[in-house]
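What follows is a group of structures, each given as structure tokens.
What follows is subunit A paired twice: with subunit B in the first complex and subunit C in the second.
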Partner chain A sequence: MPLSTNQPADSIVYQISLEQLPAYRGRRLIVRSTHPPELVARFGADDLDNLSYVQLRSLPSDIDRLVHWAEGLAIELLLENPAQDFALLYRFAKLLDNHPVRVALPVVPGFENAVKLAWSLQFAVSLQAGQPAAPMVEQMARLLDDFLHRPTVAAPIEYFYSLLLGLCHEEPVNLWAIQEEDPALVRYIDDRGEERLPGKLMEADPGPDPAGFVKSWGDTLLAEGAECAECSYFAPCRGYFKWPRRDYDCAGVKSLFHTLRKAADELRGDLAAVPPAGKPHPP
Partner chain B sequence: MTDRHESAEGHREPQSMDKAAEERELQSRREFLIGLGKWSRVVIVGAVAGGMALVDTPAQAGWLNRRGRGGGWVNGGGGGGWANRRGGGYGGSWINAR
Partner chain C sequence: MTGKRLSLVLLSTNRCNAACDYCFEDKSGERLSLEHLRRIVDKLMDHLDKLRIDALTIHWQGGEAMLLAPQWYQEAFRLIQGMAEARGKQVDHGLQTNMLAYSPKWNPVIAEMFGNSLSTSLDFPNLHRKVSGRDPEHYNAIWETKVRMARAAGIDVKVISVVNQGTLEIGAERFWEYFVDELGVFDFQINTPFPGGEANEVKRGMTLDVAELARFHCELADIWLERGYLKNVRVGPFDELLNWFAHRDALLPCIWGQNCAHELVAVDAGGHVAQCDCWVTSYPDYRFGNILECDSLTELLDRSEARRRFFERPVKLVQGDCIRCDYLALCHGGCPVRAFSVHGTLFEKDPYCHLYETLFRHLEGRAARQLADVSSRLDHRQTAAIGVSR
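== the complex of A and B ==
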């Protein structure tokens, strides 16, 4: 059953299974699949125009037909058990010949090594941060430092990348949107065809205005006088890390925000110091 | 890469000159940041590209509209890839990059 929305239909991206494609033709889509050959077989050229990206689940082995299919189409690899499965990423390196590739993975034990391997293979990364425990935040901090400063890191890691650039250029950023978990942007269609909220909101009650969830959630936290009321990072976070547990201690993730904001300020200063083209750079 | 469009008189078209000048500016910015020796490659390219072509809303950035051609960052060819760097590319992750 579709959820109510005040949004224009074409502003929402629906994440569907491949089997649901006929019912969602004409919508903007993310399509998840465990069988790459079926992707190739079922998609017509018109379908590709509305496709944001495909998500491969269970890291299938039969990917050869994807390499030369729909050139330029982005492919996300869902690495649900990073500690156990990260070595499987090697087999997907060939996709880079014709596709942008991103690895999505939860922040759980083993994720740090998986991110490093993904980077070494030139894959982008998207962290499903959730409400990370302190040891995970420590690993996120190390990865953030690598992302910012290690010269060989050539691929982005979300949410760090978008937040850094948003802060650097003083543009409004929304962590829910960066994480593709803002119901105003994305809806998840489960395997029974039910429309759900995306990402970690999957089990949430959508309420009468799912597209207004992020604002409503933020307003609630502020009204309650929660930690968010005093937080200098509320504008980009909007209570992201207070979901689902409102009593989550944000000290660790605030340190990540602090690092990102400091780096963004420094980067903005460095960009302002760039001499005009043709003028010699200072030694 | 810069397209060259020359008229019958051998003059470059203004659009081509603009592109060439813009690319020189981008290259200059990248080289300056590389010279500082404190930023990763992905940060440098993202920062330079983002400064030249900001997006209007988070929903317009990143991967959600991708189609591989409109995003701020594309990994490709095994070399890290910097294609399509002028299309924005932050704030809304993957969905709007197509």
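== the complex of A and C ==
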């Protein structure tokens, strides 16, 4: 469920609770809910036009009414406790018949099993990477290897997937945008109705120019001569892994970038070797 | 049940004209009447409507399906097609039969209803299939005669073969020769035995060494790839596994996949509903209910405690060692009835786990080599083209 990085200012996507829907009609929305039947009941047909996706929290049990509701609409399952709840993903597999479904989960102990089951059920995955500790980076590296090489993994795992494509096609990519944590693209409306920055920036001060946060943060890190100044992955990362702790050791995540760049180079070479479509093979 | 197609195993009769030692079905004399069929199909159509599914495949079997007359099937076919058309549904039919009762009288309905194709069963060597009071050789002789007759009438005959100890002893080479070179069978499927239904001496002794079984499967897969693959000989499950690992469309057998309870349901001649033919005939405690006694099949399925256990099975299994398996995406713990018939519970993985893992790894490797060969041929062509242009 990619959100475009080239949107005009008025097309920011607001992540709201279902109760806030009346106040945000006409805007581009992500709607979070713990009660699927209420989603079905409260949404009108017009509301669906501006809906990027719905996010189901707390793994609700009453999902049957969603199966044939708004077919084609993307659904995100937020798996807050992956170690404890991963097996419950089986109960949501029926949504895949009529919806693109992504499992979003934090990179915490136990997340590896959850990712493995998610891809085994054909769910897309979004890793809420944060600033992963070394053991978590090791697990991410194993998953990345599976993602790149194992034929049983067919669904995209973010941020690996978008970064791989961007690097392969040598297009500019922005990890903040891939992770849907770029304030230029997404804003979070908390349950009290206050506008906050998205994802791991939730507690940050929005400042006068929240849309300029990523550039400003990157400029600051470079000006400070931080590790980022000499990092060959700064362009796609833009200091993502230096938030919130600037002293985070990026050695582990750099190895993930390195693996992805190497795979992207190989993929680009393989694609270049394929004759253009429509041109017959030489005899 | 999800997906755009539902599969129904429909037992037109619970009677059988064979007396195979290892059969997992506990037989009864029931046969399906056309009136009961009409009521069953009506509820099925309601169920499809509720699930917004437009296509149904009915796998006809028994007991022995050919113990009802071909005229009965012709009437059943017209009845079902009429009801399906009225509801905007597409229904396909498949036939599983031992062929002992086959005669040319069957040819018109096999052509019209089953697309001039059927599936039958024979093991090699045949140790357990027989007619009551006769030996397996007698069964083989009838079967081979009937298969030749059907082939002569232009019917496509597919074969399911259950591996036994004798099969492992003769080996994959001899097995291939028998089916492909001697019988001319070009579409067959290898199944594993399991001691389903009421216990007997044969079932107690049918356990095979899984490592030996895995070796047999891999050798047979290699023979198929070398001699049959390019000649359009189909051997299940190898053909669909190769497709799966080569990222082509694949129709995997019901023992694998996320959960057979999503895609399959069985109804016997008495209207009992269960997960598949084995469950419906042999494990009454695991039936979901009776379609002839309910108002709605959807409600019957939704309210069934027995069916709920099928959905809970992978949830439990994945909390064990299945989560560590490289092939979880394919298998999800394997066949529930194979697990139940050996372990007495649904919440164990398939006893052929080691076979599956070995076979998956083997065919994954063969698929990778196949893709590499294609890539290599492509490279060779391009290298040649560069040479020409220079």
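Descriptive notes on the structure:
FYI, the second predicted complex is superposed on the first by the 265 of 283 C-alpha atoms of A that agree within 3 Å, B and C clash if a C-alpha of one lies under 4 Å from a C-alpha of the other, contacts with A are read in each partner's own complex, and residues count from 1 in each chain.
As a convention for this text, a contact is a pair of C-beta atoms (placed from the backbone, for glycine too) under 8 Å apart; a residue touches a chain by one contact, two chains touch by 3 or more.
Model, not experiment: these values are computed from the prediction.
Partner contacting the larger number of subunit A residues, of subunit B and subunit C: B.
Shared-chain residue A:L117: touches subunit C; no touch with subunit B.
By the touch criterion stated above, A:I178 is placed in contact with subunit B alone, subunit C being left untouched. When the two structures are aligned on the shared chain, A:H68 is found in touch with subunit C, with no touch to subunit B. Applying the stated contact rule after C-alpha superposition, one finds that A:A134 touches neither subunit B nor subunit C. Within the superposed three-chain model, A:A45 lies out of touch with both subunit B and subunit C [touch as defined at top]. In the overlay built on the shared chain, the residue A:R150 is in contact with subunit B and with subunit C. By the touch criterion stated above, A:A223 is placed in contact with neither subunit B nor subunit C.
Looking at the shared chain after the overlay, A:P275 reaches both subunit B and subunit C.
When both complexes are overlaid on chain A, the residue A:R91 reaches subunit C alone and has no touch with subunit B. Common to the subunit B and subunit C interfaces on subunit A are residues 93, 96-97, 122, 150-154, 273-275, 281. Within the complex formed with subunit C, the residues of subunit A that make contact are 67-68, 86-88, 90-91, 93-94, 96-97, 113, 116-117, 119-122, 150-154, 273-275, 281-283.
In the complex of the two chains, the subunit B residues touching subunit A come out as 21, 24-25, 27-29, 31-33, 35-43, 46-48, 50-51, 54-55, 58-59, 61-69, 71-81, 89-98. Contact residues of subunit C toward subunit A in the complex are 2-4, 52, 245, 247, 258-259, 262, 311, 314-316, 318-319, 323, 326-330, 332, 364, 367-368, 378-379, 381-382, 384-385, 388. Note for the complex: subunit A touches subunit B at residues 11, 13, 28, 30, 48-49, 51-53, 71-74, 76, 93, 96-102, 122-124, 126, 146-156, 158-159, 161-162, 164-166, 168-169, 171-174, 177-180, 184-186, 267, 270-271, 273-278, 281.
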